[in-house]
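Look at the two complexes coming up: chain A is in both, with chain B in one and chain C in the other.
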Partner chain A sequence: MGYIEGILISACINIVCVCGLLLLTGFLGLFSMGHACFLCIGAYTSAILSINFKIPYLPALAAGGILAAVSSIIIGYPTLRGKLSSDCFAIATLGFSEAIRLILSNFNHPYVGGALGISGIPHKTGLLQAVLLATASIFFVYNYTHSQHGKVALAIRDHADASELIGVNIFREKIKNLMISAFFCGVGGGMMAHYYTYIVPNTFGSVMSTNLLTAVVLGGVSSVTGPVLATVLLTGVPEFLRFLSNWRLAIYGLVLIVMMRVRPEGLMGHKEFSLIPIVQLVKRNWKKSDVLSK
Partner chain B sequence: MALLEIKNLSIYFGGVKAVHNVSFSAEAGDFKGLIGPNGAGKTTVFNGVTGVVKPIAGEIYFDGVHLIGLRPDKIAHLGIARTFQNIRIYPKMKVFENVEIGLNSIPRYGILPAMLKTPGVRQKNRESYEKSLKYLEMVGMQEYKDVEAGALPYGLQRKLEIARALATEPKLLFLDEPAAGMNSGESMELVEFLKKLHQDTGLAIILIEHHLEVVMELCKDIIVLNLGQKLAEGTPKQIQNNPEVVKAYLGERRQKYA
Partner chain C sequence: MQIFIQQFATGISIGSVYALLAVGYALVFSVFNFSNFGFGPIMMLGTFAAFYAISLLHLPLIAAIILAMAVAGIVSVLMELMIYRPMRQKKALKLYLMIAALGMNTLIPNFAIQVFGGGVRAFPSEWAKSVIKAGGITVPRADILAAALSIIMLVLLWMFLYKTKIGLGIRASSFDSGTAELMGINVNLVAIVIFILSGASAGLAGCFYGMKYSVYPNMGTVAMKGFVASTVGGLGSLPGAVVSGLLLGFLETMISSYISTTYRDLVAYGLLVAVLIFMPNGLLGKGMHDKI
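Moving on, here comes the complex of A and B:
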């Protein structure tokens, strides 16, 4: 039970982070290669607040998220302003993320702990909290993407220049989405810290950023439910393939390649996953069998 | 003072004088034409006014505001809207959503209400939906409101682009070759449509067009550009009889037959 619970909790944490990243990569079309740094900032902030200042769980997570959002301005302001291409943004985030990780590794303050990280964080992320926070994230992000804010982001992705001439302030919209996405990743990082009870800087390397990005792209751009489903699959499948030992990573890679070859637009593409068509299908068949039996 | 006042506008790309020393003005409610052979700098003038390219010299005043150096979105909010030579609608969005982007280029509510989908947000979404239908009605496309914009036929995509531009509530509308790729029947239909639009809204419209019959029919005043410079300005009649214009369009030898 503990094992499956563990997988579910990591899936929920990943969902929170992916909900943030999909705003940026899915809806705005900006690829971030370094979102792990926002998890890192969120994790450290909430861990330090929790241990040293005895701040309760939710305020600590919120503080981590807010600090992550504020720090995203450091990278967003110079790279999103003006006409720099989105490739520049991707490279800059990669560099920023590595810089944060290395600074923390070499910062030997007792609160931060250098390369050894922080241990003894109170275990506060249980299954209930994880599921509730993941559900809340999906709810918030779904509403946001289906609001006027989300539509403007899609407009920028499709035709940035035309949108600007209609009156969209491209820089403000981009930085807004970046900050929100950093906030969710910061909260996810805080959840992670309070689940594993210890954190080291090396956890938040580029592999973590890539995994988040994979979930968004695999799940489908301009969909919320797609990346969420993809996150569950990407967290679960490697665990179920564990009996294959090292081969599971090869199979994981193969699955990704086949997936992108067959459905380049991602699992859900531009659609949302919904139970309504299934319910309708069942109802229709129900009626049909009713008619037949009479 | 005129609504739009362009004085000695020059836009160079490296050594190319795309627009050189061009001046003209437009009053509220005007319907002006901007014509000239390919590469005359017509679209570049639009780009200069809307802030896409930065002029090297000259002044542009709109409603008394100096436009040079302002960001394109600021200029759009002052009341200048435009369409594009190559259509730039949002193909994956529905028709009414395209218009809604024009309406809500700055979202009408904050981030937190959007995430919580408060009753106020629902109310504003409903209002913007109804408003978008109003603009679709203006261009006669209400029945297509739920169609994916990319699936529309060419002529309707053009009209949708105009509806989206109208949704920004402009005082001045730039149309960049709205009849491009249309046959003469379709372009005559467009003429009727634009005539009615101009009457109904009272907007100032400046039109770039290669179909000269469209321009002659619609515009009371025509500006001719050639090689980046203003060649002539006048009524359709004056322009048709101007030997310089005929030369620019048809070359020297044509004069014999003219």
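Moving on, here comes the complex of A and C:
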């Protein structure tokens, strides 16, 4: 039971982070190579707050998220202005995440702990909290993307110039989405810190960023439920394929390439997963069998 | 003063590696307006080709370097033919090209770790390891070779781009690939030439990096510094790429020798952010932005 519970909790943590990334990469079309740095900032902030200042769980997570959102402005402001190529943003996220990791590894303050990281974080992320937070983030992101904000983001992704002509402030929209996305990743990082009870800077490397991106791309670029299902899949399936664990990253890379070549819009594409068609199908078949029996 | 000259020589040699990588990025960007983030694996595979050519086949150094350039060029063209071109023809979003490139960046090094082993190896060339002493300054032969061959490569590239007919075609396509195609330039051929050239420069840079440091499957991450250099110089600008590559190598060496080696890697990204804030188009770039 503890094993399955562990998988479920990590899936929920990943869902919170993926909810953030899919706003940015899926809906806005900005490519981030270093989203793990926001997890890192969130994890460190909430861990320091809850160990050294005895702040309760939720406020600590929120503080981590807010700091991550504020720090995302450092990347966003120089690279999203004007008509800079989106390559600049991608490389700046990578650079920022490497820089954060390097600074934290060499920062030997007792609160931060340098390369050894922080240990002895209170274990506060149980199954209940994880599921509740994941549900809350799915709810928020689903409503956000199906509101005007999400439509504006899609417009910017598909036709930046046309959307600017009809009066969309591209820079503000991009910064807004980046900050929300960083907030979710910060909260997810805080949950991770309170689940594993220790964190080291090297956890938050490029592997983690790639994992998050794979979930978003596999799930579908303009869907919320797609990436969420893909996250559950990507967290659960490696547990059954332990014998392949050395090849996992290579397979993730292959998945990314094949997806982009064959079905770039992702498994779910622009659709949302919902139970209504299944219910209708069952109803129809039930009626048919009803008619036949008469 | 001696220390300064010593560091200057080191800076030039590592800077020439960055310059070669940056030129590779700039070549692809200037025509296709996207950055080939799968550049690191190309460089890594080229270097491993040279490594095995020397250690197993006992080829001389120069032959191994040429082999590395050839292998890197072929890998790069395969990438273009199998992944980028079909996606471009489907008019895929630029985001999709970047994700596919990141996929290669993940797939190839991890594949190489399983096949070659993840260990760190020394570049097996005794010739390159020995040093030349002149007036109290010690310079490894590898550094001199790196600087000399990079300059030769860059001059050849310049001659190719500005003195030959295919070079004219490349420059025309980089100006406006649609119109160039209407004028009878075979853009597909231009694409292949571009990817061969950028791959070859990556292979050369990889060999020098391997000689200077070591050969290992994740060495492709250094290509990101090349990308930083190409952004700092102005995306798609070849002279900008060379200048900023050398500048980056020089700054890194100076900071690691006079201030702190720990924060050496911060230099590149700090420079990137500073340039993006104050000169968003790069040092020598024209107004580069996403095309409509």
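Just so it is clear, the second predicted complex is superposed on the first by the 273 of 294 C-alpha atoms of A that agree within 3 Å, B and C clash if a C-alpha of one lies under 4 Å from a C-alpha of the other, contacts with A are read in each partner's own complex, and residues count from 1 in each chain.
The rule is short, and it goes like this: a residue touches a chain if its C-beta (ideal position, glycine included) is under 8 Å from a C-beta of that chain, and two chains touch if they have at least 3 such contacts.
In this text the structure is predicted, and so the values were computed from the model without any measurement.
In the superposition on chain A, contact of A:S10 is made with neither chain B nor chain C.
In the superposed pair of complexes, A:L249 makes contact with chain C only, with no contact to chain B. By the touch criterion defined above, A:L102 reaches chain C but does not reach chain B. Residue contacts after overlaying the shared chain place A:I257 against chain C, while chain B stays out of touching range. Applying the stated contact rule after C-alpha superposition, one finds that A:H149 touches chain B and leaves chain C untouched. Legend: residue contacts after superposition of the two complexes on their common chain; A:V217 is shown touching chain C, with no touch to chain B. In the overlay built on the shared chain, the residue A:T79 is in contact with chain C alone; chain B does not reach it. When the two structures are aligned on the shared chain, A:L94 is found in touch with chain C, with no touch to chain B. Counting residues of chain A touched by each partner, chain B versus chain C, the larger count belongs to C.
When both complexes are overlaid on chain A, the residue A:D161 reaches chain B and chain C alike. Put simply, chain A uses residues 158, 161 to touch chain B in one complex and chain C in the other. Listing the residues of chain A that touch chain B in their complex gives 139-141, 143-144, 147-152, 154-155, 158-159, 161-170, 176, 180, 222, 270.
Listing the residues of chain A that touch chain C in their complex gives 25, 29-31, 33, 74, 77-79, 81-88, 90-92, 94-96, 98-99, 102-103, 106, 157-158, 160-161, 210, 213, 217, 221, 246-247, 249-250, 252-257, 259-261, 264. Interface of chain B with chain A (complex): residues 50, 52, 71-73, 76-77, 81-82, 84, 88-93, 97, 100-102, 104-109, 111, 114-117, 121, 124-125, 128, 164-165, 168. Within the complex formed with chain A, the chain C residues making contact are 29, 33-35, 37, 83, 86-87, 90, 92-100, 102-108, 110-111, 114, 224, 227-228, 231, 235, 262-263, 265-266, 268-270, 272-273, 276-277, 280, 288-290, 292.
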